[in-house]
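Both complexes below contain subunit A, partnered by subunit B and then by subunit C.
On to the complex of A and B.
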């Protein structure tokens, strides 16, 4: 990449229209017409540039990295959920032939701890371990087996102590960390708390610990430079926040740590926290050699945070017609040993605890507690998944108590634009909850052919079940969450665009984790600049500012918005120059098909000619409308925008054996605007499958802090016999006024309501209460 | 690091093993390589047998089926073996995913000797004789004498498992298995049931619900007297249910992270009831 100075505009700051200072670049974006959906621009069904290589096995993932004369790193982890470290003898490990370094907490030159919101997690355990799998030492050796054996040769003298594993006991238990056992407690008090309803239903619900189960385990390669700095090739969700934490712990300047995104094999939240980043850089700087690390599949279960297990109590009040009067809830999330994003996850769980419904009064108490269980943090749906299972279970219970159709009950309570959330925030964007419900519930009943193939029945290839052994049920659920970060966080994105010789180059540090940003960035540049060829520069910290995290359903909006604004800034420069040259107004000029064209048809010129030589360049920061913190009553305009989805699930259940076969899944989703239909389908199918997994099988099984199933043998995720095709009844397209092209993020909503809908279908089939997901065979058969 | 001999014939494999009795046999590698990759095993000497033609054969006679230990699951499902030993094919179809079934072998399932090994209840119900060869020459034994504990066999150093010889009875065969999802699962409970109309017996064996592969002898004897062998009437619900209870009594399951003992015992009863009804249903046994 050339870095010669080119015609550059000063870095512009753009925001959505909520900020009236916004330039035309992002203003009134919802009203944009999608220019060339028929070609390869925004709205078109453009294929992924990385799609074919991935399918053919030619795509380089971070585990495929290679450097001359590199070493392999390995991590020694705690076998105890809670123990004091009385001593560590690295002598035997260091003496092993081929070992170059064995590092402990004392070898961390900078800050000893890291963390996304609170730096409370040791880079390497310092006198104390607080969960099974906590890193204690790292080793570099010239062969991965040598590194592994050397790690085994380290002698750690532990004094195990009783682990704290019950989050409900955590607030009053002796602190297991200097920061205490409570990550955050939230109290949402809204409306008349003395109000009561004619009909009251109560329930207690539980959600197990889900894992993101991405396919590409944690891996990376660090290369030391000559000036005490380090270069890191890494799969992550957010390069710049990694860099900040790495530099602090290495005790060097951020500029000395240069990160480049390596091929990411899935993320789903699990790569928002650091795993091996600091370890790799420490080993590289210590040995002066490149160091590579790849977690094994089993180790990966200890290498990243999981979805918070939840215990929830709910009481819903409604009037005789089914209108909600008040929702009371208490939500306890087990945050595990370290803070990660627990304080934001409990905020989400609490803010969205009542579901996408009009609730005049609410008292919601949320607690995220520290325990000696594995740390929990970000996972697709981010707190809203757990409470969706709670509020949707309650809505079904309420419908039964009212003798009312559960879909009708949801419809009469559905939130809409202009309504208030339990946090007091008025929804200003689009929020077509009722339409999403109508589209999903109103889709034609699935035509499920009678099948004699046992693989279509519960038990699948195990041949356990005949059609006569089954009962069928249909379940329905709706869920929602926020898009972007909340509570005053300015999670901006940066992008640069350069047009030279008619070719556009887009630079953005947005992490492509499978969501399809690389496709979308090109589509946006094509639409804005009327070019076909768009080069996407590598995502790096050295070349551009932060893009924020590839999480919170935010990158299409935020980095998409940044790319759009950068392209428009370049377009405006080009048109201004051409207009001056031609003596016309720039308003009469457009970029189209590689040409600068005057709308009156009088003049045109080749863009390649106009942009010959250095060309034009602009870089921008894109900000969403500001939000504010929640006050002591959990009230405030804390969120930017919202999206919802609904699922209808038909399940066949073998009640005697407790086995389930889902026969149909139909969904509708509030998407704002579809920018790439195939990518949208991919998000909806994948997100739904992850929700099915949580409902029926995916759980990290813990026994007094010990993980019992850290492998894909025993941590099971849906196969094709567990996951039917997803019927998309409708994309409900009501463009979001503040969003570029009106598009909402679509990655998370499919995961939120699908679990609840599956559980509802199994309940409908069996008549059982089933207050816990995942639903295990024994819960049905012996329930 | 280990040395690897790739045997091209039964003689080569036998010689390599007799010369190096502490060598580890490698067949499809779907168990062994997982253990090696996890650092659980580091064999010094390896004898590869995937290319031994004698082990890859099967032979079907009137009342006997001989299956070489190199036969893969895919072969059990898709060849003449599927007709000769239907329960073996049914069990094979439940194993892993297509790549695992293409590589994994009967010999590997025996060698691993996990209570959850899916072919093992089938072998037990078909009165299998396991044929091994080694420094002591050829030895033959029933599955009971071969599998002696959880992942423990009576194989002696330097011995190779050559074949399993199975009955070929005249009745229906059933294999049923429960896992935490609808395919590609380690068994939480499995059951093989075979009806032998000539001998007028029912034979039933269980997987994943005991340290070994128990046969439900008491239930077998009880039900044999209640089958209408002459006229082929369907078994009554009462008989099938009691049979289920009696089969469950032969299990001795444990609580673990995959399931609970209570569920496993319950599930075995349900599986046995259903298998018996299928085996003696007047029409077909419900397979597409």
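On to the complex of A and C.
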């Protein structure tokens, strides 16, 4: 290895000038004392430790790695959504000069299938392909173009069959997989199901298939070792669960598979499932050489799961004052060909289907079905995004039916701590929904003059729209979801801390995917240990236990909690030794500014001296409070904690051309406690942008199972011209009692309510029903 | 294999050997010369993560055949700071303003912002948005990036 992933160490990272974030805080002060927020600890505006190498181009992403004499891997994929494979001739490919290996399903030495929750997906297609892009063969060659041409030379004799593409038809259709066509059906029955309201509104809604579209394509480097094992440098969200699946399919012990996190170019859920991990290891073990693989952008669209497309029917009942009486819903998610996390996504979609509102009675039916469409799984918001569009569309419809202000309707129904969800669970943590609504809706209305600058108009510089032809609308939405894993899963993270010579070293396998955990880990260690220099050891499987997934808004709480606990364990050892030495109680000692100090001011010693030599070390596992499975009526304490956000969007629309320009986005969010203001702003702005994309432009277009737009030319994501400034009206800081420092995860809520608020703004501008996102120009112009 | 040729990158003449003439400048920079700062997010000219300057012109290196860039001055992100430890004003601003998350789009943006501020030292918000509208970023929603550009422009203007 001549290039190694940059280990995030602690250089004298510049902290920069005071941040100009628009955020202000509301809500109660925290119970958890923050020790040194004024410096570089928790709460401070500290810069990323990897910021400097990233701006210099020196940070090593998983596609930047190489090794002496390495080979390039390439994947042959199915062109059919459904077909039997009658035969495969690899002869021409193997005969290509420069080719070292061509591998098929028969070459998989261990388990033939993999999967996060159910191992139902073939490593390589075995006699049958079930979606366009399913891997059929992998090739290793001495040049990427040779590998690609060799893959094209493989002759596969397919017998195409009619694909099953309608998830609503899936449960009664002939099974397209031995496990059947239903991933999960959920029935939530809560309260008096015969109740009816004075006012009833009904609607059917649809959400298209969104892609995570991270910038750094799937890539990695596998190196065979001398005793049949393999080392893999990889971009992923969860090293240890990757290892588990890789080892099973390679048929070797987990200890023989050593993963190290390589630089990750974004994730957003798309790296929770395996993509090329097993393929790389197979090729490396087969050839005895290092193998590197980098997906192209079009291949990336086939290489990972997407956000589930949804069809939703809703009926809301309310009394004459607008108080919700009952919510009925049926939600169908298209899970595509393989299970991935569909069973968890449909649980979330169903549990949160009624929104963050008090609902005395609910009947919610959720179905995640198998089809021959591309597999769907995790994406930021994880089921709550789809149903937020449904319940918020319904709340606006209900407000109109009641002739009531839509914000007022939401306020009188807002859930609070102590209230019950439709799953029967009582919310025991903080959940300031009403305050979030008030802060967002009550922010000063933006003063946006009609502009003649074409860049501000729908259609932009294309000179398509005249200012006089635009109409303006304002929309509002609020959404929520759970934090961490649910339904009885024993979710945990591991961390180790060592303090030697006054320097802290933290080891944690948490996948840094861009969210800034590396910054928080250093801040936490500084706060707990009173040190400044904190080294982060590489995230890898060989040195530490699982950190769990960088998903579900869970790492600040879970791995943050693990790092905090490890640091506190080390602190307690140090203080116990010093206390014994000084003949005082450890309760009278603290670590501060690189010193051990007695609170009475009588004694102090240099931490570097106390910890000279081998120093002190601790290794911990941090678990969140246990949760329960849902029962047959979808009832149970299935979730740990909840977070909400609200968005207000102002949009200008050209109704004749169907073009939209968003002029302002204002948001407020339930954050528990802000640990790093600039990083919090970044999560909120970035998450909001992904919601804007889903509302207006992002959709994987399918035609009988075929993907029509697998490129950044045809799958468009928001640019600088599409995203207005995001005004953060308030961070609503009500510290979560069980969370380290009171901080809730903040990554997902911005993506949940932003799509619904954009759709509401376009409806307000046009008066159209617009039951589907993304809203396409024709939906407006011909609507 | 064709004859070796030479590329001038960041002021240094680099010999390119054993390279297929079909290789893009992006590929040669990354895989032949080890300059992996230039990124490969789409390799189809849509995202600008591979942006470099060729004779001062902002270019997607994925769309240029490497051999055609022989004899021209190529500047990559690695050539924009003042040595390993010194950051350019633009790089400094990106770090300070929190414009970096995963960082995959960052090198292309750094190159594009250098180009923008060279041509337009006092860009309006609309100018910045238009100039960077070809640089895709999926993490940030662009807010901190725009803040970094305005901050860098102000710093540059205040320098003698």
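Assume the second predicted complex is superposed on the first by the 752 of 783 C-alpha atoms of A that agree within 3 Å, B and C clash if a C-alpha of one lies under 4 Å from a C-alpha of the other, contacts with A are read in each partner's own complex, and residues count from 1 in each chain.
One rule holds in what follows: contacts are C-beta pairs under 8 Å (C-beta built on N, C-alpha and C of every residue); 3 or more make two chains touch, one makes a residue touch a chain.
Worth saying up front: this structure is predicted, and the values here are computed from it rather than measured.
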Which of subunit B and subunit C A:513 touches, first, second, both or neither: second
Partner chain(s) touched by A:47 [first = subunit B, second = subunit C, both, neither]: second
Contacts of A:462 with subunit B and subunit C, given as first, second, both or neither: first
Subunit B versus subunit C as contact partner of A:697, first or second or both or neither: first
Which superposed partner A:61 touches (first subunit B, second subunit C, both, neither): second
Touching partner for A:719 - first (subunit B), second (subunit C), both, neither: both
First (subunit B), second (subunit C), both or neither touched by A:179: neither
First (subunit B), second (subunit C), both or neither touched by A:39: neither
Contacts of A:633 with subunit B and subunit C, given as first, second, both or neither: neither
Partner touching more residues of subunit A, whether subunit B or subunit C: C
Subunit B and subunit C footprints on subunit A, overlapping residues: 296, 298, 453, 455, 461, 713, 718-721
Parts of subunit A lying in touch with subunit C, wherever the complex brings them together: 3, 13-14, 16-17, 19-20, 47-48, 50-52, 54-61, 63-64, 66, 143, 145, 212-217, 263-268, 294, 296-298, 453, 455-456, 461, 513-516, 678-679, 681-682, 685-690, 711-713, 717-721, 723, 725-726
Subunit A residues touching subunit B - in the complex, by the definition given at the top: 148, 296, 298, 451-455, 458-464, 466, 469, 656-659, 661, 696-697, 701, 703, 708-709, 713-714, 716, 718-722, 776-778, 781-782
Subunit A contact footprint on subunit B (complex, rising order): 37-39, 90, 93-94, 97, 174-186, 188, 256-260, 262-263, 266-267, 270-271, 274, 286-288
Complex interface listing, subunit C residues touching subunit A: 20, 22, 30-31, 34-44, 46-47, 49, 76-78, 81, 84, 87, 91-92, 94-98, 100-107, 110, 126, 128-130, 132-147
